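Structure in structure tokens, see below.
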């Protein structure tokens, strides 16, 4: 499936976990930033 | 009553509130066990169920003095006790809020922590169930202890001392529910303890509270 | 809807504080409790609110209709002023009426944490709880401590208004507080004589 | 004379970093993607481990940056304690959650790797244990920030904690050696001597991944610092109203 | 042996409380700090005693020769009044002079535990510490709160006596307190203008 | 300074003071271990040194929030900080008093408790020495943590979270000093940690205290 079946399940799991965590911190930071910016603009 | 539960939960999440801290404390306790007794997996997995229960119990213990003490010191408890709500209701609300902010998170946290102590594979489900059923007893017993030690400033240690012996049956059945071959009977006994505590202790606790406020 | 106290005697930690106190208050009355430090003003108020049991004598008061403001202010330092107010309005099951708050000038402080209030601001929040409660009997222990002049006046007006609506107010104070037609109780006159000690361990001779 | 400290002024910092944010995002995502995609799709399997070896492209860079994030926090904390530049304190605060994430990535990928290699997800090996301690330090640091309402006080106390914590983290690192023999392998990329035991086919994408993690850390750090500065301004504006 | 404050500005938790406060006190002077709740009386006293650092301006005061009596009374509830007094006399390295205690009428209370004191009795014990300290500069935050009339008079006399001996006294109060020839500082006049904000996060625009 | 140590000691003995409670808590913890992990002597004696150290450490932990919090809440700390004694001296006195009322009693109590866990005969002396040398570090580190969490109400849990990782080296060397064949080297390393903590931490603690009182 998608050419991924030649990979060991460990690698796939590791990459899934790693990517999920990376996405979490990136998205989290971006969303927090957007929200703070909006709140500040509303105030000023 | 619902207002009290709600407020206690939001206080637990608020600044300096205990929720995450209780879980973190549990984590650290579990991490300390290998530091003390060595890193060997066979030894660790043998003592894992007991250590996880003891850890959950101690983490609960540390959170007990928050149940009434803060409210007592700033005068809130005086005001609540004279407000038109029954004292038994107040006590039950306090105990439930304590379980939601302590027992429940600890139960959930215990599963990943099982890894660190090499808990045998088949025991995860029993660990979960036994904590889920057993921790309410800890909250109700703990609330009772907290009411008893109310008027003692920083009575945390005395509180621990009073409450720990009361925790013994819960601990014994809790661990047995994980390691005993006949898990369900042990779970049933554990459930009996929890139900009894929840049904009877609030009345006694209300009495103790009334006396402590004098 | 009255408060009646008859031959009341109370002790703390085995020490008799006062004895033979009697008074009766009906709708619209105010009682100003005076007396030097340690004469038992706080003790009397705690007894009225049911927190201390009397040694002898009787108290007749509607417990559910009473609210007690002690030396402490019942403020959660980790909650904001607004959250503190909301909590009490839920406990007493009464809406947070803006009119009730204006006398204490809490509006500019709504977002501040309880821990960051000044002594007088704490006291104001503590008194706001009394106003929220909607209780008929107000038991106020030295309410004007730390309050500035303006708020003291506002409190007096609030009490006056409460009495007009049929409420009863018991206030202890060392300071001048304007309570028109209030009865006064000077506790220094009620020191229990040593003879009428109620401690059973002093009865008879061993 | 322009000094580097002028960027410690929040407004100046905001204006300057605003110009870098876009390019930094592009650069860091591109480098990281190159490293990870190259490593994952276009490197040969190891003859012993098979494709499992590719975990290295996540594991090693995140482990490295988990430690470096703490070091960066230490430096920023010291700057705050000595020169009292607010931006520095906020940068330290901003770094902590990134550090936690990198620590978690290193531990999660390491755990997954451990199963085939050592037969267990977790072992009380000195290096893994040190990471567990590092994680707890991060949690404590963040919890202290959150628990204190007065932000200047929080900056002071967390900086002090970071300082003392660093010393004790080093002590622990040394102490665990006596307590457990390791399973984990030693460093195989001694940058100083330049004698590495890894083939170029594995090594070059690894370098990209490492660079990507470094750039991503910087980008996230700036972004989060900017957020923290905005939040402080909101707080200050609200205070001004009352 | 003087206190000099020049252009003092202090903020709490990022909120500027007052600014441009200046005064000078020399031997025998008294300063009465007034102002509504939240105007910064406590804040000023804490700054004078070195517990809060000023934003701008200077304070010149002999730190070693100052004693601060806050809203709290520094009483250990598990120790008796006597033990509390002994502790402070050791800390300040001064003998427990009987003459220093009589004004506060503590003799009948010496064996009582701190936790069992009434509000006014606590305050009296707290003020006794000030008398024990032997410091030249007394910084008293609302000292008369909870005190009865008699003790209030005694405190005024004690302050008067301290000033005669060359001491300096700074008192904050909402209540009438008799300080002959005292200077007055009304903090409500020193609210910082919004423009002169020192918070770096308000500079410039982002 | 001596007055502070003296007062803290007499407070520890007074009503609600912590001394006996700390020891009692240690006792109960140790008693709980067999309940949790079962009564087999070989298993217990294997984990005894680690468990005793962990127990002593947790008992210490529970007593930490008393170091400054009570004094802070009743205004004593304000008064002491403005009294003509250096803050570093105050901090050192506090830490020493804490050790005398906690570390020392725990060290003495550990010996009889060793029996309950079947501590091997040859290890009693090393247990005693390692606790005697190691617990001062716990007191000084704990005082530091207490100063950090000063202004946080009921910060007990946060305090634990901050302090426990700092306890790790002490725990590791403490246990090694009992079980490692070369006891003396480990004891020496433990002594280094204690001395370092006592020499350096009071200055940092004074800094934190000063900030917290602001």
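Annotations
Read from first to last, the chains carry the letters A, B, C, D, E and F; within each, the first residue is number 1.
In this section, a residue touches a chain if its C-beta (ideal position, glycine included) is under 8 Å from a C-beta of that chain, and two chains touch if they have at least 3 such contacts.
If you're wondering where the values come from, they're calculated on a predicted model, not measured in any experiment.
Between subunit B and subunit F, the least number of touch steps comes to 1. More C-beta pairs touch across the B-F interface than across any other pair of chains.
Using the average of C-alpha coordinates as each chain's centre, A ends up farthest from subunit E. Rounded to whole angstrom units, the spacing between the C-alpha centres of subunit B and subunit C is 36.
Centroid to centroid, with C-alpha atoms defining each point, subunit C and subunit F lie 44 Å apart. A separation of 56 Å divides the Cα centre of subunit C from that of subunit D.
Among all residues of subunit E, those that touch two or more other chains are 12-13, 71, 77-78, 205-206. Multi-chain contact residues of subunit B, defined as those touching 2 or more other chains: 15-16, 21, 24, 28, 35, 38, 70, 73, 153.
Residue positions of subunit D touching 2 or more other chains: 133, 136, 139-140, 143, 147-150, 179, 230, 233, 237-238, 242. Partner subunit D is touched in their complex by these residues of subunit C: 108-109, 111-113, 115-116. Those residues of subunit C lying in contact with subunit B across their complex are 49-53, 63-64, 66-68, 70-79, 83, 87-88, 90-92, 113, 126, 129, 133. Contacts from subunit F toward subunit B in the complex involve residues 15-16, 18, 21-22, 24-25, 28-29, 32-33, 35-38, 43, 46-47, 49-51, 53-54, 57-58, 62-63, 65-66, 69-70, 73, 152-158, 160-161, 164-165, 168, 171-172, 175. Across the complex, subunit D is touched by residues 6-8, 10-11, 13-15, 17-18, 21-22, 24-26, 28-30, 32-33, 36-37, 39-40, 43-44 of subunit A. On the subunit D side of its complex with subunit C, the touching residues are 149, 238, 242.
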